[in-house]
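Heads up, there are several structures right after this.
Paired with chain B in one complex and with chain C in the other, chain A is shared by the two complexes that follow.
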Partner chain A sequence: MKNKTLLIVMTILLIGSFFLSSCGQAQAQTIKIGVNAELTGDVPKIGEGTKYAAEMWLEDVKAAGGLEVGGKKYPVELAIEDNESKAESAAAANTKLITQDEVLIIIGPQASKQAVPAGEIANNYETPMISPWSTNPNTTKDRPWVFRACFLDPFQGPVVANFVTQEFGFTKAGVLYDVASDYSKGLAEFFKEAWEKQHGAGSVVAYESFTTKDTDFSAQLTKIKDAGAEFLFTPQYYNEVGLIVKQAHQLGFNSPIVGSDSWGSAELIPLCGSDCYGLYFSTHYAAAGATGATKAFIDRYQQKYGYVPDDVAALTWDAFGLAQMAIQNCGKLTGDLKVDRKCVRDALSQIKEFDGITGKMDFSQGNDPIKCAVIVKIDDQGQFTFYKQACP
Partner chain B sequence: MAFFLQNVINALQWGSFYALIALGYSMVYGVLMLFNFAHGDIFMTGAYIGFFVATGFLGLSASGILVLPNWLILILTILISMFLTSLVGMAVERIAYRPLRNAPRASAAITGLMVGIILETGNLAILGARRQKFPDLIASQTYQFNGVSITNTKIMIVLVSIGLMLALNFFVRRTKWGMAMRAMAYDFLIVPLMGVSINFIAAMTFGLGSALASAAGILFGIAYPVLDPYMGIIFGWKAFVAAILGGRGSILGAALAGFLLGFIEIFVATIFPSTLRDLIAYSIILIILTFRPHGFFGEPYSAQLRL
Partner chain C sequence: MAAVSESLPEQKRWYHSLAEKWDDWFSDIPMLAWLVGGLLSVILEYFVGSPFARMLGMPKAPVLFGFDIALKTPILIPSALLYDIIIYVLPILIVARAIGNVSNRIAQWLMDKSIVLATLVHIVLLYAVLQVWGDLSDYRVLVLKLTLIAIIGTLSLNVINGYMGEFSCSQPGFIALGAYAASVLSIILFVNNDLFGSLNLPASLAPFLFPFILILSGLISAVGALLVAVPSFRTRGDYLAIISLAFTFIVKSLLENLEVFGGPRGLSGQPDLSSLPVVFAWTMISIWIINNYVTSTFGKTMNAVRDGEMAANAMSIDTRKTKMVTFLFAAFWAGVSGGLLAHVLRYVNPSSFGIQKLAEVLGMVYFGGLNSVVGSIVGAVGMNILSEALRPLEIYKWIIIPIMIILIMIYRPTGLIAFREFNVKNLIRPKQKKGPEA
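And then the complex of A and B:
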């Protein structure tokens, strides 16, 4: 009996606290920014970079006494949600941020697998969203409320194809990709298209796939080697790259292995080790040898968190820069979320050019920026060094 | 020919893992008529325990307190982790299964799923979502024979797996404890009346299965050095398929079916587009089971001499 009473009292208290807290949020004159990040699941390092960059930005805003909009300073709050690196959780996280946390704008998710479904939610609820790192075209396609801070895969695919053709003069390509990931599948297709345009049909001699969570690629790699591929293109995330590269070497495939921006995590070298030295991938920026604002960001991040920020962190920083610019350009905040979200979206769409730490972004073609890609070489210390730039 | 041989070698390595894990499923089912669905996560736990033991030894070596050659570290890691993981397995049996031994079978199966989730999320809570890299205990060396690449790690993995299976077979066939296990598998109502403790045998069975899973985890870590908390789920399911395919409760069957599963997966991916690998591989197994519903070495329940 006693226990039952206690249970009821606890339940009432719990429900009551929910009401109280939600009332409190509605009254405060704060700007809430949602972050939808891959904190757990397959690519936790991506979520970590996102969170750290967001916290650094918040630190700056706090130091300035808040975000100034139309001559008035507003305190800023971050609502960080974990999407577990799953498509359905990313959609759920966005719904929660929009309806429960009542955020003004959402930054994230990063990976296309999450960003494509999450973008659908943001667009339906008419809430602006910026994905810093998602390169798949579907993320922003026919979605006026969704933006991004990076280049697209239809651009990245040809960049890699051109690079290999010019650098090595190869004509036979092997591709290994995850068929269950929007990002990998999309990029593999764009690469194949670009490569076959240059070298004719059938020049992709092996086009092999696997599904997320697979660890053994020996059958696929044996096929690729047997088909006479002169190099391997594998647009995979850092946790798989280590396994693929190592197994390829063990099977006697010693030709170059080329990757895409999903390689560029600070975690790549700890997992892959010396097997990855000397390989190339296309990405958004190269940390080694950066200058100006980029260098300032890298140094600050490294001092704070103990490692060189990867492209996700840098792009997240730029996405926050874009969000800040849009909110400030908006002029004034009414407190009515529907009106304010529309205002921020319109302001975002009116930004024509943005000078970020990952390079100049040209938004003249809509919600996707036109910007340059970088080819990075992994040197013998495992550092990502600038090798080449490719601009549209 | 080289292409074919290469795939045979790939399949042998891949099948070893399925075989080692399937044995754990099969033994527990044989003795207790219970599917231990937490077994895939015991495999994961074993891999992590191996990771910590190996890292500890390497740390001792590096600091000069206890300098050991890497091959010795490997052997010690396997033995110590097998022991520690068998304790985990016995604890799971004691805490989660024993209180439910007379409960409906479905409750016990659900318990296994819950223990699995607890192990996964417990790991996530303690270590975080970051991937761990299994240390390189033996430098991988690649040998080439007429276009076939074989590494020292692959040879070692296959040999150690087969060795462990033979040891298990010896234990079950030639020792008193093994005899008690087989007797319990035959009839777990009568045998306790003869003075054999069912609790002891159940704990031992779980311990043995977990030790094998731990060895599989360490060998897996050597071959695929990226560990994550969810690595055991799908792998556990597939090994479970192997255990059923081999005939429930049959040690030889589980071992052979594990290798067969490895061969089917590798060769399907080789012959057909790799996108269709699991679709075709598991359709084949479904067809095999349609014609042999009790697996290769299983017999209908009434006549079954399990183990």
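And then the complex of A and C:
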């Protein structure tokens, strides 16, 4: 009886697989693009933005009948891997994408914690990788195969310092940052350096820190207030910004509070409310009042997924645009992955002007783009409106 | 309910008859034959795996037994199953059966010669299986390395949580200390780094110095363990859990604030020293030493401490010494696993060694089984392979794995293979018909 069942199962498997295999065959050479994203773990919203932007891009390419390279249209496939916001998994996912899925180029990971080890893998296997959002210098340092789509903190810190000096004419700064987050800490340091260069040593009158997941900042804020800071710079994520700004106002600190690109999330206003109205931050792009391609992207994203895309989604979109441009600039695909990857990498590093929705990018000076930052003002409706542009 | 109880006896009979058949055919096959079978099947895969997979309609030979392919494109499930059966299951069963009797004689001969030799032959065979299996894809090699390292970490925690019965949460701290110590040492010694300067030793020396680096980093995390061992004299249970958890956080925020070690940005650029043979060798050594430790007379005092500290004291067991040595011993191996991990990823940062790491290691210990070396190996391998295989499911993976752990906690509260001694002699001895110790 059992033997018979076994026989039947085997037969079904055999027939099934041969039948199915026949439909899967005879496909033309496809361009495979890997996405290494934080779909689960600490920051799933970031992974979600990445995935949505990737899917939108794929939709466009499919609508165009494939990606045209050298006069020939190639079908495009995405291989999306979850890195669970873990360094080990990011490395494993990248290895899998490169050796198993045989992708031409990888987009992601977003956070530096994942992007640094993943970049190591990509560089070892000579596969181009673009991290849209990672700001850690180590991600691209000494790695010819790894690129990024965002500006770096050594640029953003001075941008904020210059903006405050020109706009308000303040001389005394207070800084509040998360000591356990490499992003916040790095940016706070670059800001301090830039500010003190302009206003002399000691002009950062209060340089206070806390640790990730702290929710009470009253001690630090009181110190900042008592030190006579004329404004507060806090390069924190949107979930902390709400708490910091509210607590600062409760303590009677009514001077301006300035932030960085990590503020730019759709979640900021629901968490912060009217307390955040009228504040400024530097970022990659301004959603409200955007024009042209940026507006088209935002509208489409909002219509499709129900919320205004944050900078991660926008940067991912640009990373895909960069990848597409590089592949197309390559001229032709040989089908030999090693040659094609090299070709794409070389094409990427030669991009002099890429007109992305987060601004123009130029890779002529290395693997970090030269691009402009924007200063955004949160208006009375809680929308992020363009205020000023700052270019290097 | 009635239906369930009715169908139960029948199910049991079916299960029994299958087990009987299995015993009938395969119970007298020694480990040696299984390993040879495994080796032949991976060699078979090495040569015909890819074309065969393509014949079945899969783009490439499936990496993790077809899980990734099956989950991403369910239409290929029959192909993946067929691949597994034809490439792995059938060859292993056939070869093992065919050489069963011969290999029994060989195993006997090896054991008569010397048990060390016999063990070494088995280990070399196991390594050969892994090496050939990994040759097909670098992804497999990485998964293997991470799994082997997880075995060391899980074993080290099982020594404290399982054998000694203290609920310690300090393992991520120990692993972090080891990872950082090993990274800093190897960066100072071999890499031209602006953080520490460099001795610039020739790279050819690196593989020979790496064991010493690992031992030293293990010792450094053992020193850190003193901080946890001392309070463990006074507190037990929940309180020790909290204190050891505090230790993990202290280490993490220490590393975050020490700018020399890169602060929250972490350290990167470690030389590539954790190759598969190195990791494999360290895993085998750790299993050997930890197994000897827990089965020694001194190791038995850990169980005494767990089952009744006062009684143990009364029976002239120095419970302080037991706790102290055990904590340092476990921390040593956690440190070694951290050092290996740092050189696989070639990047460490403090936030990798937080609560999530703790949950992972605890999960592997309790999944596999308390007080059991085999259990830890099963737990680490099972959780790692499972978590890698189910990755395409994204968020559902985090529903499936916890449900599995909950089910195991309900039906086997101490884990899958708990309270079992790991005896190499039993494992590799020639087998007679009717199963081991029937």
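Basically, the second predicted complex is superposed on the first by the 330 of 392 C-alpha atoms of A that agree within 3 Å, B and C clash if a C-alpha of one lies under 4 Å from a C-alpha of the other, contacts with A are read in each partner's own complex, and residues count from 1 in each chain.
Heads up, the rule we're going with is that contacts are C-beta pairs under 8 Å (C-beta built on N, C-alpha and C of every residue); 3 or more make two chains touch, one makes a residue touch a chain.
Only a predicted model underlies this, so the values are computations on that prediction, with no experimental measurement involved.
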Chain touching more of chain A, residue-wise (chain B, chain C): C
Which superposed partner A:N136 touches (first chain B, second chain C, both, neither): second
Contacts of A:V179 with chain B and chain C, given as first, second, both or neither: both
Touching partner for A:T222 - first (chain B), second (chain C), both, neither: first
Contacts of A:K113 with chain B and chain C, given as first, second, both or neither: second
Contacts of A:S255 with chain B and chain C, given as first, second, both or neither: neither
First, second, both or neither for A:K45, with chain B first and chain C second: first
First, second, both or neither for A:T99, with chain B first and chain C second: second
Partner chain in contact with A:E208 - chain B first, chain C second, else both or neither: first
Contacts of A:P270 with chain B and chain C, given as first, second, both or neither: first
Residues of chain A at both interfaces, chain B in one complex, chain C in the other: 39-41, 44, 179, 211
Of all residues in chain A, those that touch chain B in their complex: 39-42, 44-45, 47, 179, 208-211, 213, 215-216, 218-220, 222-223, 226, 239, 242-243, 246, 249-252, 267, 270-271, 273
Chain B - residues contacting chain A, complex: 3, 6-7, 10, 13-14, 124, 128-131, 133, 136, 140, 142, 144, 147, 149, 151, 153-154, 220, 223-226, 228, 230-231, 234, 265-267, 269-270, 273-275, 277-278
Residues of chain C that touch chain A when the two form their complex: 18, 55-58, 60, 63, 68, 75-76, 78-79, 81-82, 85, 137-139, 142-143, 146, 252-253, 256-257, 263-266, 268, 341, 344-347, 349-352, 356, 388, 391-392, 394-395, 397-398
Of all residues in chain A, those that touch chain C in their complex: 2, 10, 12-14, 16-18, 20-25, 39-41, 44, 81-82, 84, 86-89, 91-93, 95-96, 98-100, 102, 112-113, 116-117, 120, 125, 136, 138, 179-182, 185-186, 211
